[in-house]
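To start, I am sharing the structure in question, which I have written as structure tokens.
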Amino acid sequence: MLEGLKIEVYKANQELAKQGLVTLRWGNISARDERTGYIVIKPSRRACVEIKPDDLIVCDMEGKIIEGLHAPSSDLFTHLEIYKAFADVKSVAHTHSKWATVFAQAGKSIPNLGTTHADYFKYDIPVTRTMRPEEIARDYEKNTGKIIAEAFTLKNPLATPAVLVKNHGPFMWGASIMDTVDNAVALEYVAEMAFYTLRLNTDAEMNKYLIDKHTLRKMGGKNGQ
Amino acid sequence: MLEGLKIEVYKANQELAKQGLVTLRWGNISARDERTGYIVIKPSRRACVEIKPDDLIVCDMEGKIIEGLHAPSSDLFTHLEIYKAFADVKSVAHTHSKWATVFAQAGKSIPNLGTTHADYFKYDIPVTRTMRPEEIARDYEKNTGKIIAEAFTLKNPLATPAVLVKNHGPFMWGASIMDTVDNAVALEYVAEMAFYTLRLNTDAEMNKYLIDKHTLRKMGGKNGQ
Amino acid sequence: MLEGLKIEVYKANQELAKQGLVTLRWGNISARDERTGYIVIKPSRRACVEIKPDDLIVCDMEGKIIEGLHAPSSDLFTHLEIYKAFADVKSVAHTHSKWATVFAQAGKSIPNLGTTHADYFKYDIPVTRTMRPEEIARDYEKNTGKIIAEAFTLKNPLATPAVLVKNHGPFMWGASIMDTVDNAVALEYVAEMAFYTLRLNTDAEMNKYLIDKHTLRKMGGKNGQ
Amino acid sequence: MLEGLKIEVYKANQELAKQGLVTLRWGNISARDERTGYIVIKPSRRACVEIKPDDLIVCDMEGKIIEGLHAPSSDLFTHLEIYKAFADVKSVAHTHSKWATVFAQAGKSIPNLGTTHADYFKYDIPVTRTMRPEEIARDYEKNTGKIIAEAFTLKNPLATPAVLVKNHGPFMWGASIMDTVDNAVALEYVAEMAFYTLRLNTDAEMNKYLIDKHTLRKMGGKNGQ
């Protein structure tokens, strides 16, 4: 079932690897089928480049396996919480991409310092709060999703479609699978540039009028360069 | 029309990607036809590696489409202002290459600290001034070109064929398409080296006599190593 | 003899190179045969990518050559000391991978700052003590192995399967050849991230509860993303 | 003439490019023929990856072209001075490899901080003195070679076969073409590691006994890992 969606998710996993965002087995991308509400996700303990479309798992929003021969990614319940909290999100990805993870480990948000950031993310990329011992001990993956949703209270998750889970790494999402991959690429790129920009000029800051301009251009379609 | 020039622009777009200067759809290169004065530029919303020669757009210096099935790059009007201001320029490129963009985001010019810089750029690579709200609200891309021209008032744009647009990224140009690609490669390289050189020695500075020597060598042709 | 193990060691050498962990001839990986107790190791003065399975050397735990046409890696006696000290280790690798070597040269351990680290290494990656002149003058490679074992006194070497030899570089090990390669990849990755995390936030620290959680998840198998 | 040597020099140029040490046309390698004393060098204004064996130039020690259809690299006279000053050197290379050039631009020598450095270079990699205006104005390339020789007064150039020309970039040499390429690779690698090692620990220093040990191991052949 959902063969077309599986092929798209398969290609997106390949693309994450090709873009240098996943190392070993650290990464996964899922998508939500609009008609059934089912989620297609990567199996556990497999590298993005190894899997074939038939290896992908179909499950419902409670995590019940509908189709699939393997266990789903251990991050499944984080993905599900994100889909539940963000109604317009069609795809979710997770990586340990280097620079985004550096900010996550440092517990620092990624500031918006240029148009590359503004073309994809309106605001700073937020970092989640410290998880409490009891949130880690029980339902860890689900609670990871809950603190992600918490970080977007009163914010539009599609205006800034990424988050840094503290001491862990980034999650990205989008209104399509392709947008989600692009957001993963852009996130890593702006994280690295933000790091070095602040080393070069600790007072660097974005022109607020450029943020509005580039956010509006984006609403009219993809970045048009 | 202009089939030969289209093939050259097509190859230059491929080369920008191959040199690691463009990510996703962030980059473009155009060229001016000497006879007609027309500009050949990449279509909007397409990656440099995806386009074919026939996808390229031909337009006049006012931005009127002469030939082409797609919308031109949204940066077209920035390119046109550069061609208008710098008469000897035959090609213009724009990227978000990482290190040049870091300097642009920091609002810092790239200092000339070695012969690699001097072989391509006589002076520091300047950064444009902050854009005013009204320049962003209306004719944003055209005004981006105007503040680039402003940064070269009383300077020879071919002696230092690159600029950093503040909070955005670099534009490069040249007396030929091939020179423009080389300048894009050299810019990114010297930006990275300047960053680290100043971390290693905050007092680092260029031997002024070497600048003159290498500028003169360049006038006699390309870097001859 | 041990043809199957030789093919595995051959592939692991290729994988170290493919993962960008070895430059020129700086690196090697060995494995212990469970039945005979013999070690299969790379010949000396050869790049990981050049060797074929038949080039590999078989020797006993005292370093006596059992089979092989070439001299074994000069690091053989370090490998042997590690096998002697750590009974459950089935494979040992050595590289000069860049970031792990930077920490080794600085004489600093790599702190556990995130789940990427915790998924592979429970504790900080330790650095060995300074070698004494007489340890260097005689039986240098063997003594290198001895100070590695010293760094794990009262510690489980499979809980944190890597070490930094001061002023030299990292050694990694594992309960299988594949684990050892993964540990080499993960070590380099977490070293780089730790470096930048501390630049971004000198007070960065790991959530202790996450360490336990991820260590336990790992015990249940490989990282399941 | 010297067809065998030309093929070796051709391959070495390819290898410099493959190892990521040359960008655009910034780099060259030459070799000295033992019998005739002639030098084989890359033509000017060509990329290392473009040239074929027949494109190489043969010249004598005064720079007179013996065979060749193109102008030799503009760095020829620097190479010749190095061959004249260092009698045992059989090959010379020049690159603008990133990290070595960063140290050259900063005017800082590369300190010996680990065994990777000691396996190739006994001492710190020296940086040349500032060139005087008259040395730049006339016979610039020849004078570059002279200040390189000056930096090795009373030192064995094969014990530390590389130098940083201030505000310019590195030159490397060796007792064979293959050694010279290896030295170029090792130089860039140790330059990068030295930079980061000192950021991690400003007091980092090498164990002097390890320098002697690794220098001696090297005398017995190539690094034997």
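Per-chain numbering from 1; labels A, B, C and D assigned in written order.
The working rule: contacts are C-beta pairs under 8 Å (C-beta built on N, C-alpha and C of every residue); 3 or more make two chains touch, one makes a residue touch a chain.
What you see is a predicted model, and the numbers here were worked out from it, not measured in a lab.
Note on connectivity: the fewest chain-to-chain touch steps from chain B to chain C number 2. Across the assembly, the mean Cα position most removed from that of chain D is the one of A.
Shared numbers divided by all numbers used gives the overlap of an interface; between chain A and chain B this overlap falls below half, so the copies present different residues. The mean-CA centres of chain C and chain D are about 32 angstrom from one another, to the nearest whole unit. Mean C-alpha positions place chain A and chain D at a centre distance of 46 Å. Chain B has residues 199 in contact with two or more other chains. You'll find the chains touch as A-B, A-C, B-D, C-D.
Chain D contributes residues 23-28, 42, 44-45, 71, 73-75, 94, 96, 98-99, 101-108, 130-131, 133, 136-137, 140, 166-169, 195, 199 to its touches with chain B in the complex. Touching chain A in their complex are the following residues of chain C: 113-116, 182, 185-186, 189, 192-194, 196-197, 199-201, 204, 206-207, 209-210, 212-213, 217, 221-225.
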